[in-house]
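Order of writing sets the chain letters: A, B, C and D. Residues in each chain are counted from 1.
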């Protein structure tokens, strides 16, 4: 078999950034190509629901690829929230975000390559942001016509807040933890739910990298500066609102749930049978210890 | 990280009410905003199915947030049924129900804030209960035109009965238990099934808090008293019928299944190895005993 | 709490029949009411897919209710196949089938009660088997106009064969077992798949009780003898074909997979540590043995 | 019960080929009959999404049937990738691929038999590749009109690459493994995601056997040589591109993730309690080592 472990990267940060890059790449590859499939087939081979579902599958796949390496942030708003919560180091914030952005940009490029013929056929070769043949919304998100600025900001805050509120409880042993090996599909279902309930107003980005990466790509690929200037320079909303929403959702979780959970577990009894039980039950013991430590941490 | 455990609430009932509040809040936030997404996009960004699915995701998320704290009732009909079954204390009934109601009310308010522009655009600024541009059904449930009162009462009784009948077996070790860490998604799927089969007649509330909270909100937010008076004061049906249905479904479960299960496990044998087995295998041993008994029983 | 265990049924067969009754009742209650929801709302509150999904949720719920008691047959074709395979006693065949039939009949009656207003509104009060306002297909299955008799027979044989072929492997420890606590949702997904692929021709009953129970109900409730005589007495096809298909699918499973699996596990080794290992690890040890054997086998 | 283990096949390769045959047969039986259901009902009993979902259920079912025997390749591109990665023996490549092809061919034949009446009714008895009444796309895949050759080649490379990239991580204990008993549904969800995002261009075969088997069947069943000659002999694309894509996706996984994971587990410690721990904890201990190393590594 291929034995190129000489290529192994020995710097942890680089490895983690590679994982965040790849995870966000896969997330966007699923999602944006599903959007291209819906759009270019004029909804005959996909609907709004199938695009939501494809983003959800992308979340699951990206999490299985990266969760053991970085925790599978895949979203600057999540990385920031984890930094605020003390679950990630502040030094990871900028490198992770840049990796996520790059992954989203590259995925958009690949979707464009794969769907180039379809996009040209659909749009008649004119890449626009407005009108019935617009194709910019395959990549980045744009607000509905009726949206005011403040409302769209609130929309992104609430959507991202729901995300953090719903995922922070999933591995809390003192509450109702999800099976740790099934957290990726469960988070994917939560993201699906947010897509089905919070994307009518302005596309439900809830992720600055998911939005800015494709927007930058469309800028470079021929859609023009309009992708940034349209709707009165609306593009900054999905960059600024999600991190705020993520932190607010996290605080809401702390306030309503986490602070009131029982105290950490007491130390286990050290009976004369400790040796056997150590050998036999190490994982459980480790896990229990883990709980103690985690519990002590917050 | 944030070290505000000084804010910790030391009263168990208050903590539990906070959890029920938050859980019902999240449930309604997913569900009603999905209904707003469908309605205001004129079904281009959501369908009846996606609303059902979003309520289902809301159930799952709310259960993971609260199941370890209160058992995740999220529904006065469930709380009452659990009280009748002896699984919850009667003293919890009123506080839980009020918390659920408040959570539903607050969630409706947030959905209104987020979808305000969309609702105004859709309805032309006129908030009504009837007609093609009605928006009241984003929040509370209303019966179909053809429904008689008795039939809609039966509809809510049956829907809630299905809910209790299907969820009571899920953690019964003497039958086919679901994995305890996956009960939230399984209950969510059951709720999805009920939404797909029992909501044509009158919206499938099967939950007094889910219906009254949003209805009160629409009363205060400008839809007017019609939300209560319409369809000949129909609003009391989803308040009264679900608790009755929940208790009937629970009794049906007891009658057909629970009463005939093997006796509870006897105390574990106290052999000379009891100490080891206590430390090491308590849950598994219990389970084995259960299985042995089941095998011996049939 | 309610302490009526005096009502406990002490005869195992009666208890099992009650479980099969309840399971089939729940299965049909989900499925037929979803069909009623789709039909009477003229597909605005349900589609073909949501009916398929509701039957699937019904399968899951019914299995959690009954699997620990009877194995959750819910289908005479499954009961017969299990008898042929030696997984169920022949003496159970007739009682189980009658219980399933009765459950399906009663569920149809309840669906009729709940959707009576809707059915009357949809059909104009005329209960028919043919035409645009027919409502018989809410309950039993009917073939498409173009079907020949032999083809519809084959359709039911193949559909039921797929069912048995796909479920028999799920708890085979020597192959790739599904988690035993998650077999209900996995079987539900398989049934969903069959509904999406094998129900265009003649409704995908693949279950004599699911078809005959509702058909008998419609006979007694006013649809008339036409429910049996229509399409040249076609009703016997979903009664006769599924059991044949179930047995053929089971044999196919045996021929392609089961007979070639490694031999059953030998008795566990009786080392001096047997007592401890018995107490501690019985299930895991068995599994390990199975794995070792598989490894040695290939 | 049936005791025909005399029919047991003692040659491992034959047994494995029987499993790959049956698995691919079931995969195509679900998928192509769902395509027939959608097509012949003119999308009243199925949509693009339900076909995608049926293929996904087929993947799950086929994996549960065969994963313990062959690893459930079901796809020549997967077999080739596993050979390149050293996870399968090169000697298995040709026999597996032929078995998969035969399974796909036989499944197409059965779908044709079951849906013969429906296909004749839909097409008016004329089996064609082009036009509104074409039925060839029930079986094999065909490109959209606007596709260029290179683009459709890229489409198949990317789709198959996504598949390999996303599934290779699922049982990696040093990262975030999926529960091994739930890998079939998780892979099924990944395949569903690819179907929803990569099938607008040319049908999303990503599997040479899934495409060539049905195409050969349609050739022999009356659709004529056009199934191969149409679109300028396009048929070779889904044969050649997927294996290339599978290998590229695998390499991408190695490059971004696998090579940077911690070293393989060292041999277990041989303490005086080794015998007990061997009997009791072998799998868990391995896992512990992996976790320790990961912890030490980051």
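Just so we're on the same page, a residue touches a chain if its C-beta (ideal position, glycine included) is under 8 Å from a C-beta of that chain, and two chains touch if they have at least 3 such contacts.
If you're wondering where the values come from, they're calculated on a predicted model, not measured in any experiment.
Chain centre most remote from that of subunit B: D (centre = mean of CA atoms).
Subunit B has its Cα centroid 28 Å from the Cα centroid of subunit A. The geometric centre of subunit B is 39 Å away from that of subunit D, both derived from CA atoms. For subunit D, the set of residues touching two or more other chains reads 49, 179, 182, 276, 280.
Taken pairwise by the contact criterion, the protein chains form one closed cycle in which every chain touches exactly two others. You'll find the chains touch as A-B, A-D, B-C, C-D.
Taken together, the subunit D residues at the contact with subunit C in this complex read 1-2, 4-5, 7-9, 12, 15, 18-19, 21-22, 26, 29-31, 33-34, 36-37, 40-41, 44-47, 49-51, 53-54, 56-58, 60-61, 63-69, 72, 110, 113-118, 120-121, 179, 181-182, 184-185, 275-276, 279-280, 282-283. Taken together, the subunit B residues at the contact with subunit C in this complex read 48-49, 52, 84-86, 144, 146-148, 151, 154-155, 158, 162, 165-166, 169-170, 172, 174-179, 182, 186, 189-190, 192-194, 196-201, 251-257, 259-260, 273, 276-277, 280-281, 284-285, 288, 294, 297-298.
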